[in-house]
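The letters A, B and C name the chains in turn, as written, and every chain counts its residues from 1.
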Amino acid sequence: MTDRRRGEKTDAVDPGRRRFLKGVGLAGASAAIIDLIEPEMARAETPKDSVQPSPDGTLEITLLVNGQRRTARVEPRTTLLTALREYLDPPVTGPKLVCDMGTCGACTVLLDDAPAYACLVLAVDAIGKKITTAEGLGTPDRMNPVQRAFVEKDALMCGFCTPGFVTAISALLRKNPRPTLEEIREACQGNFCRCGTYPRVFEAALMASAASDRAEE
Amino acid sequence: MKRFEWTAPTSVAEAVELLRSAPSFADPDEAPRPFAGGQDLLTTMKEYILRPSRLVNLKAIRGLDRIQGDGKRGLRLGALVTLARIEENPIIKRDFPALSDAARSVASPQIRHLGTIGGNLCQRPRCWYYRLEEVVCLKKGGTQCYAASGENKYNAILGGGPSYIVHPSDLAPVLVALGASVAIAGPEGERVVPLEKFFTLPSEGSIRRENILRHDEIITEIQVPASRFAARSIYLKFKERASFDFALASVAAALELDRDRTVRQARLVLGGVAPIPWRVPKAEALLVGKRIAPDLLNQVAEAALEGARPLAHNGYKVPLTQALIRRALTQLAARA
Amino acid sequence: MIQQQPAKKKRKVLVPRVENGIERMVEIEVEDEGGPSWGPNNAHKLLNHHLVRVDGPVKVTGIAAYTYDRHLPGMLYGRILRSPHAHARVVRVDTSQAQRMPGVRAIVNLAERGNYVVRFMGDPVAAVAATTPEIAEDAIRAIKVEYEELPHVVRADEAIKPDAPKVFPEGNLEEKERRGDLAKVEAELARCDVIVEAEYRTPTHHHACLETHGHVVDYRGGDRAVIYASTQGTFTILSDAAKELGLPQSAVVSIVEHMGGGFGSKFGIGIEGKLACQLAKQARAPVKLMLTRKDEFLLAGNGPGSWQRFKAGATRDGTLVALRATQYQMGGLGDGSLAGQPYIYTARHFYRERIAVHTHEDAARAMRAPGHPQASFAIESLMDELAYKLGMDPLEFRKKNLRDPVYHRQLDRGAREIGWQRRPKEPGTGRGMGCAVGTWGGGGAPQCKVTVQIARDGTVGVAVGTQDIGTGTRTFTRAIVAEELGLNIRDVVERIGDSRLGAANASGGSTTAASLAPAVKDAAYNARMQMAQVIAPLLGAKPEELQFADGKVSSGGKSLTWRQACAALPLAGITAQGEWKANLAASGVHGVCFAEVEVDMETGHVRPIKMVHVQDVGLPLNRLAIESQLIGGMIQSLSMALLEGRVMDARLGVQLNPHFGDYKLAGTFEIPEMIPIIDDEDPRQAVIGVGEPAHIPGGSAIANAVFNACGVRVRELPITPDKILQGLAEQRRRA
């Protein structure tokens, strides 16, 4: 989904506006569940029957996580973060539960390629969205440039904030491959680290930026 | 979070009906809530400040996320337009720069990606007594504003009493300065209200709310009129922590200058210092017909904070806000 | 292992012991034998180099398994019901409604036996385990508790008054130390050329570990249990877990594979761990009980606040002659900690009284250099005030009153690095510099038992029960073994964080590296000696003639590749044990920090521009990780200087900021240019821990830089814009 700069002529004043993903959601779920449509219609239309909970208040949802369709039975109040970490089996634990209030960034995931706090998204509201976590960006054998740079520059200590930083910076570099230091600070001002790795994180982001330049050449 | 019913209407009328027909509630904090980005609402629900029985997801309704118009025609922003889109929109940046500034100043990229303009205007106060489940303060149906005589360094210096919250929105001061209105849909149809009349002081409206929106109403659109001062506008926000924080004080300012740089029209609205975006007409009037100069700036800053009544720990907000006013106006006047 | 042992000699060494968060040095006698030594610091192949963290790849890809990430079949979710009051008697607890909720599987009522008094907001009252996190949350809210509120006191200023509500029957004040001749000090003060009388305060801080405290207790009935713990001490939770589960300690295993930060707050199982065990025992099912963030703020300990009053005097030549200090340490229900004044400085005459003040707040715990940052902020501010009053360069004034030449060396180095000569002589320019000094023990102790195994296929494993709390323990453990055997760091696999793998000390007092590294070195050395015995005949050499280097074992002109050599090992390979060796560790470090800041004279905003920390570390095991630690220490101290502090409402007795949005940590926009410097002039060829010293002087350096920049002396942390604006307003009034 790198179409946000393509500038579809959908609205007089909003050429940069991103197009939305329409999720067919549960009921009409078929193999091809993603479809690009025009923004005015671009509601993540949750089919009516998907919001009809069973008597115990739970409902079955399907999430698109790191390219895989994953199903779980959750409550409407279950956050995306809790759904990923505690309801999927096996769980997706890259996003960490730290503040649970959208104030620390450790649970950062990409929703349709833009960073979001998974603790401030309801799982039912993430149906039909493309969800990417640190696990989806790379594996120890095939790390993405940001992950490689984090290891190389020692941009982690205890590592609990790290998947969130990696995700936020990966999102930044997709949108802005040559960020300045200020832009890097801005992109992860909503991510906090207690061990104090920030300067290393900045170095890693700059290194990854340079690496992606080389890859494109 | 308390259990709730999740509904996803596809039309405004259906949404209003879902809000109106929700199970009866004993306390306004248990009223059903419209749900957009959820970036503030979910935090209040996790702390059991708000305990809605039903959430009405607005994101399946078509047309609520449009950005239309420009500086000449005026701007119409659907309530669901995200802060990230406002921040990045080149026409808003050109014709309504303060709005761009304000959107960019909010929280973090993660919040701005999902947070909407409607939600930003309706977010609840940050006062830590209000935000703590264990404290039943005046705004939660209790009998006291504990901030009034407690830890009040972040609280109101203007317009306070009996509650001393400050309005946390960054977009609100700008939109008030630019003369914006909100379109509100309810059971009786739609009404359009100037934003200045939308927000209510604790001493005027209900102490439990910060605006006139009823529980069965939703904001559908924010309308910013074309004006001669919108293009020369700015939003300055001062945060205690430079990273991800709310305003200790902020200033939205807009000027129309004559060719000889004298001020023809001025708008000055303060944020972070009062329970509502605090417009200072007397300070605005001082600017009209004059050129921006240090002496004038001092007079304007004095006038703007004239009515300030600091509490025990927030007197610093007076010189801080005055400094922001001088800077905002200096920067505006310096623009080509 | 056959080895020529020299005659055993005894020698005495000083090792640190941490008790109640206070470190003391204890003399122990050790055998002084031959055996491994590190050799010159500049002659290492791997150690003292920049080594990339070996657990980096699993952490950056999100697959490292922290305690919070454990997911067991049939696992229940535990939650704790906390007191909303600072002080109250629990009259009645009604769990009947919670019992009936579908999905609730266990309930523990701490007040069951009656006469239960809660003594701080957040004090646990009950706990539940349920099939989902949401149901567990509903269940604790379904428990109805009736409280009889009792008078509380949460402020030190109030607590010291004679008529204050009593936290303990004996009262709220507890004298910890009284030292020096007060009359003499008063007499000397009368003869000083300049006097400063001032008081300094630091608030309660929070460790704010990103992974909250908690455990996953894998117990389904039966005679065994595994406890996954987010702890700084793999071995500190076994006895309590066994007791709660009613099992023999040897039937309980603790696992700490990866751990999301501790900073001194995670020793022992804690109330949350005991409750998790009780719930698991009741439900006969695994229970995951991780504290919520609000729990973490309210009941998982904190770094104690301080309140210190001084009268100090110096003579015109810059000699600190006399100092009188009253030091209150504010540990809530606990003692707190505070290093005695005049801390690292030499005062010819001093008198100090150190008193614990109790309040209705949860007990403070050890926090990264317990008692030192608080002592440092006060004394370094005081030293600065004296220097300005004397009209002396604060750096020169410090050197005049520091005897240890290492401080002089480090201060000179730091001054060069920050450009101290550019410092404005008169405060008030909006930009300024400050400096400060610290000290720490950081030695090791004989607790670790390490095993190194070499298999016939050439693979090498090193195992020990220790935990890596984010400091890089895994990496140096591998590196030591690899270097000893002449291998690459990737050729060794470490297994740690499991109580079955051999004893290890807890990570407190910066003692992990200095305790573990010698034992790893010893085990690797012993493995090499054993291997040499086998290989030497193949090369026609004596065992002591063999060289292990570059993936080869060689002697004279002959060599075998590592794999060839290992193929000659017996079927079971080699297993060697290692223990701590006193000659491989040292203790006692210095450390100085310099800071440059900009202060906005109209808004009071402080922008850090640059920080420099110079630290002696003995043998730097891994320069990259040590530099990261120094940076991390500077950032934490910056954060505490400018932003952090618990805020209590005195009337309600509640903490007003038990969330990350309101308890503010430094973020990306607070971070200045940071220069971590390892002081390589330290001649010691031995390992010393550095986690703590990096956290001591930074905040003081920032505070002094703020004064140099704007002329406002903020004597209470954090240094926020409101205080600076207030100070500037007072300045104008005086002018």
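Points to keep in mind about this one:
We take it that a residue touches a chain if its C-beta (ideal position, glycine included) is under 8 Å from a C-beta of that chain, and two chains touch if they have at least 3 such contacts.
From a predicted model like this one, the values you see are computed outputs, not experimental measurements.
Arrangement of the chains shown, judged by which pairs touch: all-to-all, with no pair of chains left without contact. The chain with its Cα centroid farthest from the Cα centroid of subunit B is C.
Remark: subunit B and subunit C have CA centroids separated by 42 Å (rounded to whole angstrom). Each chain gets a centre from the mean of its Cα atoms; for subunit A and subunit B, those two points are 28 Å apart.
Inter-chain spacing, taken between the CA centroids of subunit A and subunit C, is 33 Å.
Each of the following residues of subunit C touches two or more other chains: 134, 659, 661, 666-669. Residue positions 75, 77, 100-101, 103, 185-186, 189-191 of subunit A are each in touch with at least two other chains.
The set of subunit B residues that touch two or more partner chains comprises 1, 3, 243-244. Every residue of subunit B that touches subunit A in the complex is listed here, in rising order: 1-8, 10, 35, 38-39, 42-43, 45-46, 55, 57, 59-63, 65-70, 75, 84-85, 88-92, 107-111, 113-114, 243-244.
For subunit C in complex with subunit B, the residues that touch the partner chain are 84, 121, 134, 137-138, 602-605, 607, 643, 647, 649-652, 654, 656-659, 661-662, 664, 666-670, 720-722, 725-726, 729. Within the complex, the subunit A residues that touch subunit B are 11-18, 39-46, 48, 51, 53, 57, 75-77, 79, 100-103, 105, 108, 111, 114-117, 120-122, 124-125, 168, 171, 185-187, 189-191.
Within the complex formed with subunit C, the residues of subunit A that make contact are 56, 75, 77-78, 82, 85-86, 89-101, 103-104, 106, 133-135, 137-140, 143, 146-147, 150-152, 154, 156-163, 166, 184-186, 188-202. By the touch criterion stated above, subunit B contacts subunit C in their complex at residues 1, 3, 126, 128-129, 131-135, 146, 149-151, 153, 238, 240-245, 248, 313-316, 319-320, 323-324, 326-327.
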